[in-house]
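Order of writing sets the labels: A, B, C, D, E, F and G. Residues in every chain begin at 1.
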Amino acid sequence: MTPQMMGYDRAITVFSPDGRLFQVHYAQEAVRRGATVMGLKSKDGIALLVDKRISTKLLEAESIEKIFKIDDHIGAVASGLVADGRALVDRARVEAQINHITYDEPISIGILAKKISDHIQQLTQYGGMRPYGSALLIAGVDETGQRLFETDPSGALYEYKAVSIGANRNTVMEMLESQYRTDMSLEEAIVLGIKALYKSMEAKGEVPTIEIGVIDVETRKFRKLSESEVKDYISKADIKKPDAESAARPEREE
Amino acid sequence: MTPQMMGYDRAITVFSPDGRLFQVHYAQEAVRRGATVMGLKSKDGIALLVDKRISTKLLEAESIEKIFKIDDHIGAVASGLVADGRALVDRARVEAQINHITYDEPISIGILAKKISDHIQQLTQYGGMRPYGSALLIAGVDETGQRLFETDPSGALYEYKAVSIGANRNTVMEMLESQYRTDMSLEEAIVLGIKALYKSMEAKGEVPTIEIGVIDVETRKFRKLSESEVKDYISKADIKKPDAESAARPEREE
Amino acid sequence: MTPQMMGYDRAITVFSPDGRLFQVHYAQEAVRRGATVMGLKSKDGIALLVDKRISTKLLEAESIEKIFKIDDHIGAVASGLVADGRALVDRARVEAQINHITYDEPISIGILAKKISDHIQQLTQYGGMRPYGSALLIAGVDETGQRLFETDPSGALYEYKAVSIGANRNTVMEMLESQYRTDMSLEEAIVLGIKALYKSMEAKGEVPTIEIGVIDVETRKFRKLSESEVKDYISKADIKKPDAESAARPEREE
Amino acid sequence: MTPQMMGYDRAITVFSPDGRLFQVHYAQEAVRRGATVMGLKSKDGIALLVDKRISTKLLEAESIEKIFKIDDHIGAVASGLVADGRALVDRARVEAQINHITYDEPISIGILAKKISDHIQQLTQYGGMRPYGSALLIAGVDETGQRLFETDPSGALYEYKAVSIGANRNTVMEMLESQYRTDMSLEEAIVLGIKALYKSMEAKGEVPTIEIGVIDVETRKFRKLSESEVKDYISKADIKKPDAESAARPEREE
Amino acid sequence: MTPQMMGYDRAITVFSPDGRLFQVHYAQEAVRRGATVMGLKSKDGIALLVDKRISTKLLEAESIEKIFKIDDHIGAVASGLVADGRALVDRARVEAQINHITYDEPISIGILAKKISDHIQQLTQYGGMRPYGSALLIAGVDETGQRLFETDPSGALYEYKAVSIGANRNTVMEMLESQYRTDMSLEEAIVLGIKALYKSMEAKGEVPTIEIGVIDVETRKFRKLSESEVKDYISKADIKKPDAESAARPEREE
Amino acid sequence: MTPQMMGYDRAITVFSPDGRLFQVHYAQEAVRRGATVMGLKSKDGIALLVDKRISTKLLEAESIEKIFKIDDHIGAVASGLVADGRALVDRARVEAQINHITYDEPISIGILAKKISDHIQQLTQYGGMRPYGSALLIAGVDETGQRLFETDPSGALYEYKAVSIGANRNTVMEMLESQYRTDMSLEEAIVLGIKALYKSMEAKGEVPTIEIGVIDVETRKFRKLSESEVKDYISKADIKKPDAESAARPEREE
Amino acid sequence: MTPQMMGYDRAITVFSPDGRLFQVHYAQEAVRRGATVMGLKSKDGIALLVDKRISTKLLEAESIEKIFKIDDHIGAVASGLVADGRALVDRARVEAQINHITYDEPISIGILAKKISDHIQQLTQYGGMRPYGSALLIAGVDETGQRLFETDPSGALYEYKAVSIGANRNTVMEMLESQYRTDMSLEEAIVLGIKALYKSMEAKGEVPTIEIGVIDVETRKFRKLSESEVKDYISKADIKKPDAESAARPEREE
């Protein structure tokens, strides 16, 4: 940044001369340094994958929850500031419950994603608060079919066939763009996701601790895979797993 | 900007010595860097065109909605910060519904455009919030005939025969000023718009992904054209389409 | 401004050592860069004239409204920031309607002008908002006769026989001071105003697009002149009109 | 001001090391640059005089009101920022009316002056607003006799036999100190005031446009003198009046 | 002040590294530059003395009130910013009246002084307002005997036998420390006070205009001495009075 | 920190260009300089240990409470700013009581830890307050078994088998990672904790004053060990205790 | 402080990079410059001692109250900013009375001290106010025995056997650490305190004016010692008292 640009980046209520909101860009940077997460649609349903980043073996690994059930038919995964992501997930859960109470039916996934994004946008326009330093992938199946959304710290909202956010987004997106097919089976999609996660962390000598959630297109139910199921998929992905002890351990996120 | 001018551009509540509100100018810059959008009146109705900017083929293209139905007889298209534009569109929809409930009739397009602009103006005068970094073209047909408005981040409001905003406004406006005629048919107007969009992006080696909405002067109904209808119009425009793979991909907007 | 003076001009709540409110001066500068507007009393009534500044022929010229009806017997014209002027006009209209509802009679023009000026003053004293970057000429006929007021961003209020504000105020005022007579007919006043407008823009090679409103002293009714009426007056003014195509086009106001 | 002193003068809520409130001093400076006004007690009543500062002959001179009736028995004259003075006058009028309604009798002039000064003081102590850049002379006759008060932007309140504020205070005060006598007739007091006003503006080659208000000690009624009465007094003052056309015209106040 | 200390003195809510509140010190400085005031207990009651600082003979001298009756049994004198002192006196009067209404008895002087000091303290701790730039001497007689308090801009409260504040505090205090005796008669105390006032202003070539208030220990009544009574005491003090005309005139306080 | 980074660390509502909230990092630094605390799960229950930091023998040692009972089944230990930790503990106690009153059952430890963390997160997003400079270990036994949580100033929440925070976290964590086993008895866990505490302070020549709390997995009751019980465990740990007099005394925490 | 550290010390809501709240440290500095105060437990009760700092003999010495009765069984002494200490004492008295009214029993001293400290902590976390620049020793006897607490501007709370705060804390604490014994009689404790006070002020050539309060362990009553009782204890302490006249007089506290 040139000295002339300095100072435009201290408040969300200030535009820079080129029409940017630097504080929103910086919040997006928090996501770009977050955990690598992924979502993939398939013929049979949607898979969400995430690298859990276990910084010490003394952590209760199962307590590091990065994939969250929002409602029976909706799951979400967060990247960026951990506590911000949790706050967004809580908000999504409340919105889903309000819909149940108000209309006596499950919330449309598109409506839920838009409500969350509208809230995120407001924090980029009003003073006194900072934007969220976290992004969500929201996945679900409803009467309109499979939906996979990315919310962004700017309040923008995107729908994808397959997408990754977080530290290794670029590497993963390249792999998805070349190998992802919309007619994959759920198993094929999960295996592709696992390969991409391992690939993306290989360069830093890190090994992911993978957590997976799926929403079945038939039952419209979200569930998290058990550790053994995840292991089965990893073996199907035929990863040449490095020795866990020698692998670099990622830093703890905030 | 000279050093003497620095500092006047940090808050919307501060005038510069030459009587300008820099923060409003910077918000307008966000629009000048936004998607290229267009509106054209014709004998048969109004056409809205936009380049959707698909940054990756993994995006669900149809989910990238830049043309919005506001009411049966009104459509709008936004340029600038994506989430800000969505917030303005939401506000317009609510105003339209309030009119239905209060007066039991569709809202006048001029009144709707003024209400939105009044709200935008207030955000240029009160501290604690920033101006909207987004502009709208609002098009519709009501008892006063065809109306095509541009709202500006300053709160100014303009009515046009044909207009473009966004990244390539200047190129498109020049083409419209020389080739647009008020007695064009809707088809002729759409074809002119498509040609202008392709032309304006040619220089950067980009190819637009065009979305089109129309309001028929007879039925007073807004509708978005289907992908095949858009393709038909593009073929009528006789564009020499470059190879999609080799074309540069625009950056994702915020 | 000397370095020692810097910093006193960042907030309306701060006086400079010489007892000035710089932010108010800067808001006045916005008026000094606005459209050239004029008001002239005559034997038969008051005329308001304005240069509409059409920046492109694609604009719907009649939609560029700079002269506003406030009530049956009152008209107004704004110069400075477009959206600010609209906000002041709206406020004036509401005040006029409140008077109808409360007292069942048309508002006195002097009272209306003072109410608007009081509101403008408050924005020069309280923090959190900026002053209005717009001034109004308010003209009307009531039981006290013809009234022609100028409101100023400082909240000051002046009553004139004939007055001009905006970009070419000085040139126009000189011409009025030398040629204006209180016993002119309305036609003579309008012709003088047109000449002054053309004269003042001549130097920049610009041609005004003139809009005119009149309040008849007998009927006490405000009305805007039709385009053909305006053309008639222009021909009476015997202007040597330059070729419209070759004339410089004014920049769009904010 | 030395560099060490800089910065203490940016807010009314900040004392300088020498215990001063610079913002209040700067507001007083606005008065020192305002219109020259005067008040003089006499055997027969009090006179208020002011130079109206007509900057152009196109102004409706009678509309430039600087002497205001507050209640039947009270008049006031303001100097400094025009709109601030008007706001203080409005406040005084409301206080006078509240007294009528609450106690069914005219307000004591001392109480009125104190209420206005208390309000002015508060604006020197609370953040978020600026002090008033205007001072009032409040003159009246009540059961305690003739009263002539000066309110100051600091909230201080002074009672005088004769006093002047505004641009030429020092010159006028010197003249009053040497020539004013408490046993003057009202006519003698007015003539002295006129002389002092002409004298004080002589140096700048300016000619005052004088407005006069009087409160009769018998009738306890405030009234403004007619233009012809003012002319009579000016002729009694035997001023060698320079040619109005050649005289310098004062700048318009804010 | 060293550069390192700069900046700690801009807000009452900021401590300096050495644990000081500079804004409170600066408010105390306003008192150190205020009128010289004095209070002295005696066998017969308490005397309050003040130099009224008449800056021009056109002032109504008796209107310059610096000694105030708070309640029948309490008087007060202020030094520092004039309008701030008046605000504190008003507050004291209201507190005294509240006590009458609530308990049907005169307020204890100690309680009154503490209530005022508590209020002053709060303005040194909360942001958004500045401390009072004024100090009071509060004197009275109640069932606990004679009381003489000094309130300070810090909110501290002191009780004295004899005390002075304002511009010449140090000179006066030295004189009191050497000559004051608790067994003085009221007359002796007043004469001592007058001598001290004259002495302290001698150096600057100024002559005080003395105002005196007393509270009798028997009747417990506060009253202000008449001008002739004051003159009698001055003659008893046997002052070698300089010619009033040649004496320097003090500047007007704010 | 490079000069370019300066300024991003003055408010919790400002991101740095690399997406960090410096104020939250600085609050974490307050924890890193706090008392060394530890929590260890075992077969028989959870142990919390803390070094109490007695800075002078005149302190009532038992009053230095760093381990707090939250509810019958929950204990907590704080590190960082002492008063902030107490505020968090109070909040936890209130949440536990609200659960008793609302649901008539003891609060789930996971829910309690999340509620506290949600509150902490909000203080990292809203302006006007600072983040908590304190972290808690929350330990308890409920129907889901043994739970041991760490709350962080960022609002992040972690669950551990064994964990340490505060001044010597790194040393202690290394020792725990190499020697801790999930099948330890409570006694073995406590002895390991004591050894780690002594080890970690050895380098600075300091001797810990150890306080211990335990929650039994059977009874689900929290209790603090008596001084004699603590001594027994210390002797079991077979520490070569240096002479208390010669040992360095830690500084008092804030 | 290095330049890099500058700026972190301007607001209580800003942490420094090393996790400190400088404004709280500066408030503690105000205490370190305050009056020297002391508290000592003994077999028979608790003694509070303070140096009253009489800056002039014109002060009513008995009015300089630094030891306050909070409730029948509780006394307190303040050091630091005088008015802040009074505000804390008032708060403590109100809390004690609320307890009487709510529970019909005297407040526990531990609860009282915690309530005051919680309030102090909040002023270190919320913006808009500054921390208290004062600390209290709170001493009392209740059903839990003798209690002696120190509140700190950070909100931390400590319980002591014997403690000193204020200007000479270090000297006094050293003396107490070497000579204080828990089995002292009240008389021995008071004599030790007096010796320590004299000793600590000796270096600056100052002589303390001692005020003493005691709470008897049997009667649980707080009372202040009379001047003659204090003199008796001073003579028992066998102080070589310097000549009062020649002794340096301490500066007045704020």
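One rule holds in what follows: contacts are C-beta pairs under 8 Å (C-beta built on N, C-alpha and C of every residue); 3 or more make two chains touch, one makes a residue touch a chain.
Fair warning: this is a prediction, and the values are worked out from it, not measured in the lab.
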Fitting chain E to chain G on CA atoms, where both chains share a sequence, rotation angle to nearest 5 degrees: 50
Interface residue identity across copies chain F, chain G - same or different by half: different
Centroid distance [mean C-alpha coordinates] between chain E and chain D, Å: 31
Distance from the mean Cα position of chain G to that of chain A, given in whole angstrom: 56
Centre-of-Cα separation between chain D and chain A, whole angstrom: 70
Set of chain F residues in contact with two or more other chains: 12, 127-128
Overall pattern in which the protein chains touch one another (line/ring/star/complete/other): ring
Round-the-ring chain order [start: chain A; next: chain B]: A, B, C, D, E, G, F
Partner chain G, residues of chain E touching it in the complex: 4, 7-8, 12-21, 24-25, 114, 117-118, 120-122, 124-128, 148, 152, 154-163, 173, 176-177, 180
Residue numbers on chain B that touch chain A, as the complex places them: 1, 6, 9-12, 22-23, 26-33, 56-60, 63-64, 80-84, 86-87, 90, 127-133, 252-254
